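As structure tokens, the structure follows; a few thoughts come after it.
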Amino acid sequence: MIHFDTDYMEGAHPEVMRRLVETNLEQTPGYGCDDYTARAKDLIREACGQPQAAVQFLVGGTQTNATVIDALLARHEGVLGAESAHINVHEAGAIEATGHKVLTLPQYDGKVKAADVEAYIRNFYRDETYEHMVAPGMLYISHPTELGTLYTLHELEDLSRVCREANIPLYMDGARLGYGLAAEGTDVTLKDIARLCDVFYIGGTKVGALFGEAVVAARPERLPHFFSLVKQHGALLAKGRLLGIQFGALFTDGLYQRIGAHAVRLALKLKQAFVEKGYKFHLDSLTNQQFVCLPNETIDRLMREATFELWGPRGETETVVRFVTSWATREEDVDKLIALL
Amino acid sequence: MIHFDTDYMEGAHPEVMRRLVETNLEQTPGYGCDDYTARAKDLIREACGQPQAAVQFLVGGTQTNATVIDALLARHEGVLGAESAHINVHEAGAIEATGHKVLTLPQYDGKVKAADVEAYIRNFYRDETYEHMVAPGMLYISHPTELGTLYTLHELEDLSRVCREANIPLYMDGARLGYGLAAEGTDVTLKDIARLCDVFYIGGTKVGALFGEAVVAARPERLPHFFSLVKQHGALLAKGRLLGIQFGALFTDGLYQRIGAHAVRLALKLKQAFVEKGYKFHLDSLTNQQFVCLPNETIDRLMREATFELWGPRGETETVVRFVTSWATREEDVDKLIALL
Amino acid sequence: MIHFDTDYMEGAHPEVMRRLVETNLEQTPGYGCDDYTARAKDLIREACGQPQAAVQFLVGGTQTNATVIDALLARHEGVLGAESAHINVHEAGAIEATGHKVLTLPQYDGKVKAADVEAYIRNFYRDETYEHMVAPGMLYISHPTELGTLYTLHELEDLSRVCREANIPLYMDGARLGYGLAAEGTDVTLKDIARLCDVFYIGGTKVGALFGEAVVAARPERLPHFFSLVKQHGALLAKGRLLGIQFGALFTDGLYQRIGAHAVRLALKLKQAFVEKGYKFHLDSLTNQQFVCLPNETIDRLMREATFELWGPRGETETVVRFVTSWATREEDVDKLIALL
Amino acid sequence: MIHFDTDYMEGAHPEVMRRLVETNLEQTPGYGCDDYTARAKDLIREACGQPQAAVQFLVGGTQTNATVIDALLARHEGVLGAESAHINVHEAGAIEATGHKVLTLPQYDGKVKAADVEAYIRNFYRDETYEHMVAPGMLYISHPTELGTLYTLHELEDLSRVCREANIPLYMDGARLGYGLAAEGTDVTLKDIARLCDVFYIGGTKVGALFGEAVVAARPERLPHFFSLVKQHGALLAKGRLLGIQFGALFTDGLYQRIGAHAVRLALKLKQAFVEKGYKFHLDSLTNQQFVCLPNETIDRLMREATFELWGPRGETETVVRFVTSWATREEDVDKLIALL
């Protein structure tokens, strides 16, 4: 059986694992006050081109979203995001549990449009009763989105401009950032993101680490008392160095970039095979998630030898199916899947 | 330099690490829906003598406390605990962030007394205005406590009885449970705890794992919809198997017990040396944390070669100092420290 | 200048005021533990045909919604409601501030459809990842809605059935209930509502009282410890009798019904005049709020002599306008407005 | 039967009631955007000697405390207050429900000491682990306290200085402020309070109004977006003018001062009688609450003709009893009580 369900089916990249094993019995202070963590923060600052940035490591994505959003919003504010945003759909109400509303925007293949953000804010303050409503206090985007799509540099610049004009922070969920940065044809770099977003996180869990997400804020004053908030959210890892060691490995010798590129290359190889076989796509993704429309009988046949996610019916006889590659996907498995098509 | 600061300075026990490495590139479903996790739950149920128990793995202690307490309390209720309880002092307000008050009881070397719990509840309901006050909705204890002390079986039975008579759950924070179970002379077993507490957790972070805590509820209906609450609290690990694999290793061939005993043996060796040198103790601990009163000049001398925690001044010339051993402490380091005294 | 902005522009009905003045210097216990409150509760139980019902008085609508919803939901649950629901739009995030998500349903002139509720719940539990999502834990409706529309008895029965089959409570926001009960042609009585809803409130603020809303639950066990939650929400009035006295007056000799009918009669008189003048309606309302499409020049002209609310543009040259009558509206003012049309 | 239970047993002062009746059928905009409210705010600003102050009316005390404290604190902060503080004991966890911990200080007849506040803050930041603890983010005091005691001007200046040095706001709960300002021998004026506190409220509920509390902040920027927070807390009265009219009456022609003085005069007359009869006092109060130690048999006898609150046993044969006067207390009732002693 070959698996294309998701990008967190394996442990960590062998190089990450090697570093964890190598340092296993060393003794360091807890909570990220160790040299491995300090070094990893420096590597990330350098990769982001933001030597003054605040970097804080957390364990998982939902936790990171809830903690950052809670830190960025005042009590009367909510977070703008696409209807399909992970925070709106798949985080069990973690944002609302901190007291904040998710204010939804139309989504276009998982993305939001700067014009919609602008209009939302403009209409909000034009409404005479706006003080009775939840104020838009920040914008949440994901890159790649939950649907594998990417913002262009131009789109990102527009979102950033709109947010800065409205004086609200722009926050990017980068759970799969490594696959976005390595996407074919993307014109968005890590430095662009660090420059255009007020806060964002670099996903480790889905891109080579056992777990871990690196929150980056170019201007540290955006996240005052963040350490205490991380603790309050139960997101502070006692053995914080585990995060430092992992991100240290990922940001040494371009590992994060390389493994992102590996996953994307295999996803596009698969995509190409689907194209050649004449299958239609649910949407056009250049990253490690591919959404294809398959006849139900093809699906039945494939499921005998491969696992993947059923995304939803498309008419009577077809279903949208998601195939995901990762840093750990073996080319032979992709070839096997292609042979089955 | 030798280190006795705390029990989370190293990574994981080599056997735990070995299992993580061995399984690293296997593919499993996420969120703990894998066979390693299922197997680890069975091992824990067996060790607890509770074949029907619900077991759920979380990542860290503060997170576990906040999630369990939030799950157990109704909105109008608070949690009873010692003034010195970790949830009252060192969790950055994580309990209050979920909307609940910590109702404090006097502490006796970190422990609470059943009579105080009983009196609190009785006085509460005798007060005519009690509906204007936060109702005591559960009891939080830690075993060992933050001060390394332990409940006797008799004390635990009393607390359990008082809670059951008042119809409120008893919850035990077992961050260092392994060192409590291995303490010299304790008459409290894991099975006693599983029987007497409504919910408790078996600490992994401080006892051999990289991270991880195992929440156990003998009667699963005590924690309805707990999975969703874990997700809402940002406490659901994507690669849940990492927890299953680690607890699987810890509960195979008595590893958890053995490494607890190792730490306790070395702590008591150290204790004995302090006794022989004529030092006084801040309190009598039979577990892996030892609190000794040292002359300030002795401390200055020791600090050149060892690290440990200053707990607080005691008069003008002495300070209480904490020395902590763990599963990873090397006997040679203890011997070195003893030689320095 | 004549005013049709809203239904809370005046103080209280003279009969309500008379009773407040009459009892002003009497001495009673606080927090609603007085005989006036007890008597008012009985009158409401009787009017509802629910002799066992729990009745609790609160001060205002947003406060009542937040307190009741917080009381009815478990932590992992959200509240289903129309996109246009007051709790979703105009309560400044009061529901989310208690930790709960508002789960939106399509709205049809402010109402929700039983089929949509049913589909939402069915689809939710069919989704394999539903434990990662906010569970639908109750249904919120308003009657009349924010748009003045009403459920039919048949629709209400359907909603009630769907909720009971799904085992979630049905809660009705009755801020303007008096105007709904008095609407021309409605087949829904107070007794129907009390029977079909698990919890609802009878609005006083907009229907004759200075302030005050009466929460009713036919089965008191639906709202355990509600008094403490009311206190926790800052919704407990020290001089609780003020609420009892007012509702006592409103539910004596059919006052609540009579003043509701008065407002509706004048609203329909106004409606009839609009019809006769050939104006179109934004939607068909049988209650005290009328939404008419007026040419912008007509609006400019009217605004010189009357106040009302601009609801939103309709095309280039027309605007939807809201006219509201109340228990206090004078027939001469309605006649004046009609004369201006 | 004569009543000395509490100071909220009657409705409103006749002059306040007269103004409510007089304006009852006038039409005004809602939510406090009316002229009566604007005028009342001006009167209060003038009485406080703070022409730029923000003034916002809320309905009740617990609601006001929760809303103000929520507005003043950042998420990682808690509120310092006496162990006996109303927010710590009798508000059903309203503060914690907004996510904040109450950090307790020793109480001395209901008061806190500047030295204790200073020490708390100093020790907090000296603790190396302070980022794991709830930061002291503001100070809550009440004046008069729950025990009827008062701060001296010197004490208040000290508290204010300590808070300003620590850069945390000082907030005063003035539920019974009118009785404090009128106390015999007090050297604290309303202007002092407005100058020394960052935020405070002038209590109406217990001092002449049907209900209502006036929050005052000399520097409005202390309470940004406060209107939305008031709404979010369910504390925004639809017919906001009711608050404006009441406070307008109270702050016209010195009514608030006069009725405060009336209550205090009668309380001290009662006190003098107790002194003359040789009874001991639980503490020395110069305001409208008197706490006397009475033999249990005296209490039994008094209870046949008067009501009052039993505060708690004092030894075997005595009980501390609270007698409360108010703006509404009749001198003849006080004389009757004295005759009974």
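First chain written, first letter: the chains are A, B, C and D, and each begins at residue 1.
Note that in this section contacts are C-beta pairs under 8 Å (C-beta built on N, C-alpha and C of every residue); 3 or more make two chains touch, one makes a residue touch a chain.
If you're wondering where the values come from, they're calculated on a predicted model, not measured in any experiment.
Visitor: Need the most distant chain from subunit B, centre defined as the mean of C-alpha atoms.
Guide: C
Visitor: Determine which of the two chain pairs, A-C or B-C, is joined by the larger number of C-beta pairs in contact.
Guide: Pair with the higher count of C-beta contacts: A-C.
Visitor: Measuring centre to centre with CA averages, how many angstrom lie between subunit A and subunit C?
Guide: Computed value for the inter-centroid distance: 42 Å.
Visitor: With chain centres defined as C-alpha means, what is the inter-centre distance between subunit B and subunit C in Å?
Guide: Measuring from centre to centre gives 50 Å for this pair.
Visitor: Scan subunit A for residues touching two or more other chains and write them down.
Guide: Subunit A, residues with two or more chain partners: 75-76, 91-93, 97-99, 131-132, 228-229, 231-232.
Visitor: Along subunit C, where are the residues that touch subunit D in the complex?
Guide: For this pair, the touching residues of subunit C are 3, 5-6, 8-12, 14, 17, 20-21, 23-30, 59-67, 91-94, 97-98, 205-206, 210-211, 228-229, 231-239, 242, 328.
Visitor: Under the stated contact criterion, what part of subunit C meets subunit B in this complex?
Guide: Spelled out, the residues of subunit C in touch with subunit B are 70-71, 74-76, 98-99, 131-132, 135, 224-225, 227-229, 231-232.
Visitor: Inside the complex, what are the residues of subunit B that reach subunit D?
Guide: Touch residues, subunit B against subunit D: 75-76, 78, 89-93, 96-102, 129, 131-134.
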